[in-house]
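Below, subunit A partners subunit B and then partners subunit C, in two separate complexes.
After this line comes the complex of A and B, so read on.
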């Protein structure tokens, strides 16, 4: 092995990359873990002594309710994305190959446009005197404008709208890999459509489902600007709580503890995803 | 199953995905102030947008930030990808893992961790803190794009260059860089767009000295409807579309 002096280029690159990641990824994360076990301080944000108060505060019924409500909205968002995205990805994988590329391009165009602006566009549609209400009134479906904005439903619609592509893309990739011979084999062995779906298609697409859940569920708890624009003050996400604790209430330990909760949730989902892939591999598929 | 059922379903979902965007674009040319009724064609919101000095300044700030963040992250990201691809070194897995964590962790977690860092080291929140943060979240995407390109690359080329007497630096400059050029451009465009659209991280690490577009939009849309936002959104949409098409064009052309 040549020494560092003989490979100045390699050394320079490694120092730069390691330096960046240690300073801007590793240290900051360590700070958050540290902050979560310290005491709140009005001057310097955090202070000794160490304490687990922040974690105890997570169990405070007031916040627990916010977290559970946020989890519920995120779960509903994920479920809606899955229900819309699963047949969508399936249908997409059946389209002729050349057109598939165009359709996927169309799917990621919104992903490249400002999510705030798209959330705002939803507001135009959902507002009490907005387009949807006007259309429904015009059609005579409703007698009076319905309040759609500033409801739990509006937040879920907003989150589904922003996150749907993240569910569809991993699902599409598993459907794209799904080999026709398995389906034919299942059919030849006498299985009907429903048993084939349950015993062949669902297990084979499970890694995609879990990847999709991972990419939707967590952002659905963090995108604080969606409730800010569509949900009013009663439909908060964990992200709103973290943001308030850091930027307004200046309670860093509590905000840090809440964000560690999110990170742990992410780690758990990633573990489940890995496990499902491994199991598929061992089954020899 | 009939062929038309899945196709109809695809069409409906695409329709729903695009409806808000179309509404936004159409309403940006709407003369009516209320924002819900059609009042005839007009450029007035585009005019009022460009007559708003704070808005124009935020636009320039955002463009400059995106430009510099994309450039720095492409530079560091490309070097990282090269190091991961070419060298064996201790802690390679850890490095990979850290990049993966940045990409997967919820944006808000990254945001508060960077805020904590900047405040504790006493860095004033502004252009520099925004740049450091944006480069950090763009980095993994550049690394992935470049790695994908490198994985399909003939390993004998750098060996040949070495045999002809080139050192690592010369070999990288004359052999590797030309090969990964399309990936560098695509990574740069991706970084540019990510930076321009970011809301979550910027909310935490920006200060009053350097106002950028997403935050300006954020403060506008929180209270009621602002027709100027329609015009601004349309401009951003066209801009992102051009960037996306450019990067697709570069990537497909390089494959041929």
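After this line comes the complex of A and C, so read on.
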């Protein structure tokens, strides 16, 4: 009786979830894979025959340079997020429970505003005659306005601002699980603050660090509107290359191949994350 | 295969298009900041046709969108630049314009109709024409700026703005080297890339949304600009000057075209008619600073607009001017490669 009632509900949920994944995740990705192995066609964007030219083009030193620079900016972003996010998450886990919820809520509130709008707001702050420069001039800290907008620094600031919560949240969850017993045990066994940090805290929070890196590094390479708005359409990310290939150069197979490169990089990071978790699990036993 | 791919890509975007007794609608796809709202309001008032106004900031984006939405008939009217008219015509993306429904075609400057891009104007009706030249904020810049070459001057380090338009930026590089801005020769394009990469340390930003803004915001003081943007920018920044560079200006003509699958070609024809009215054409030219090809409209313009060299260049200003032409797909790929290198180079 019970199962008969539950069965239709269960089936409906399964159909919904699988249908969603199939049509909105699997099929679009399959189309991207399909486009990447076809030939560029000026008239209809993609055409037969199948070819791996797009992937060969990825190995071209020109694009390699773009990817490396993009990776560099994404890595700087991740590093900044980590340097800010790690102590932030640690401090957050030390705050009384009730206030923690409020702080996390405040962390999430900016998501209620579209990120494009927030990036434009950042532009107003960083501009030569913007808020920051006017404030610094007014305080007498600087004599001449500092050029912040349309620089590599501005792109990294924008990316850090947009992605910081994605670093803090997984770190917070591992710090929240960090048991005081371990730290006390470490102290009792004679380890000072520094050895405790290196040998106990870092390994135990590593899964959070890796999850944070995963959530920041790859999205940082894709947020093409940040260089467009804050970088003066310079300091390109892989996301800009993909957008340019689809819209301006009309080389869909190449754009698709570049996008798949990002997906593969993500898969690699997830694999590393899984591996580290597994190792950590064995160490813990 | 490709059709299936496109169809399934589109299937997601095409929900809820039920037709019922709604007011007549014209879907207009135009460049950003390229038509005063007042003109659209007057059109609706006069004809009862609602205008759904969508904008783009590059021919490439417009073309890709129209091509993708080919079957869905999302737009009734678009405004491609010079060589995109011939490209789209040749690719059979356009509907012929029924001249019997058009009044006032004879108002147009005979020099701007029946061009190579569209013989006899079977598919296009000119809207506005303009130029891409030099902008100089004379409040900040000392000394003369008379040529594209001057942008390479050391004193402008970190002060230069370029349009975010591959063809226009390479046009400048090619002209400085003495080549045609429509070059399809890979060696010349590479040379232009080398030349432009020397300029890159000076370039602060690329902008094609509203190229006047970096000048008004104080971020840049010299660089490229469209003439209408220079005219509009002068209202807020009177020291912003429009200069015709010695190597020659980049000229373009934007025309109305009707996509082949337009849902409401009648409204599109009616809109073109409206645009050809001298008083409307004059109003547009006055408001947004580009030149109208409508001769009777020019007589209606106030003197300060009609005599404004930024909007209406003299014959002398147009020496060495070059219209952009379709360079073909092969050359486009060469440009695209160097463009990517240029913008990512440090």
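Note that in this section the second predicted complex is superposed on the first by the 262 of 285 C-alpha atoms of A that agree within 3 Å, B and C clash if a C-alpha of one lies under 4 Å from a C-alpha of the other, contacts with A are read in each partner's own complex, and residues count from 1 in each chain.
The criterion applied here is as follows: a residue touches a chain if its C-beta (ideal position, glycine included) is under 8 Å from a C-beta of that chain, and two chains touch if they have at least 3 such contacts.
Just so you know, these numbers come straight off a predicted model, no measurement behind them.
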Which of subunit B and subunit C A:31 touches, first, second, both or neither: both
Which of subunit B and subunit C A:80 touches, first, second, both or neither: neither
Contacts of A:247 with subunit B and subunit C, given as first, second, both or neither: both
Which superposed partner A:45 touches (first subunit B, second subunit C, both, neither): both
Dominant toucher of subunit A (residue count), subunit B or subunit C: B
Touching partner for A:65 - first (subunit B), second (subunit C), both, neither: second
Contacts of A:232 with subunit B and subunit C, given as first, second, both or neither: second
Subunit B versus subunit C as contact partner of A:88, first or second or both or neither: first
Partner chain(s) touched by A:155 [first = subunit B, second = subunit C, both, neither]: neither
Residues of subunit A at both interfaces, subunit B in one complex, subunit C in the other: 24, 27, 31, 35, 45, 127, 129, 246-247
Of all residues in subunit B, those that touch subunit A in their complex: 6-7, 9-10, 13-14, 17-21, 23-24, 27, 34-36, 76, 79-80, 82-83, 87, 89, 91, 95, 98-99, 101-102, 104-110, 112-117, 119-120, 132-133, 135-136, 139, 167-169, 172, 193, 196-197, 199-200, 203-204, 214, 217-218, 221-222, 225, 229-230, 232-233, 236-237, 240-241, 243-244, 248
Parts of subunit A lying in touch with subunit C, wherever the complex brings them together: 24, 27, 31, 34-35, 38, 41-48, 62-63, 65-66, 69, 127-129, 147, 149-150, 232-236, 240-241, 244, 246-251
Residue numbers on subunit A that touch subunit B, as the complex places them: 7-10, 13-14, 16-18, 20-21, 23-29, 31-32, 35, 45, 84, 87-88, 90-92, 94-95, 103, 105-110, 112-125, 127, 129-131, 134, 161, 164, 214, 218-219, 221-225, 228-229, 239, 242-243, 246-247, 252, 255-256, 259, 262-263, 266, 270
Subunit A contact footprint on subunit C (complex, rising order): 1-2, 5-6, 8-9, 12, 58, 60-61, 64, 67, 91, 158, 164, 166, 203-207, 217-219, 329, 332-333, 336-337, 339-341, 343-346
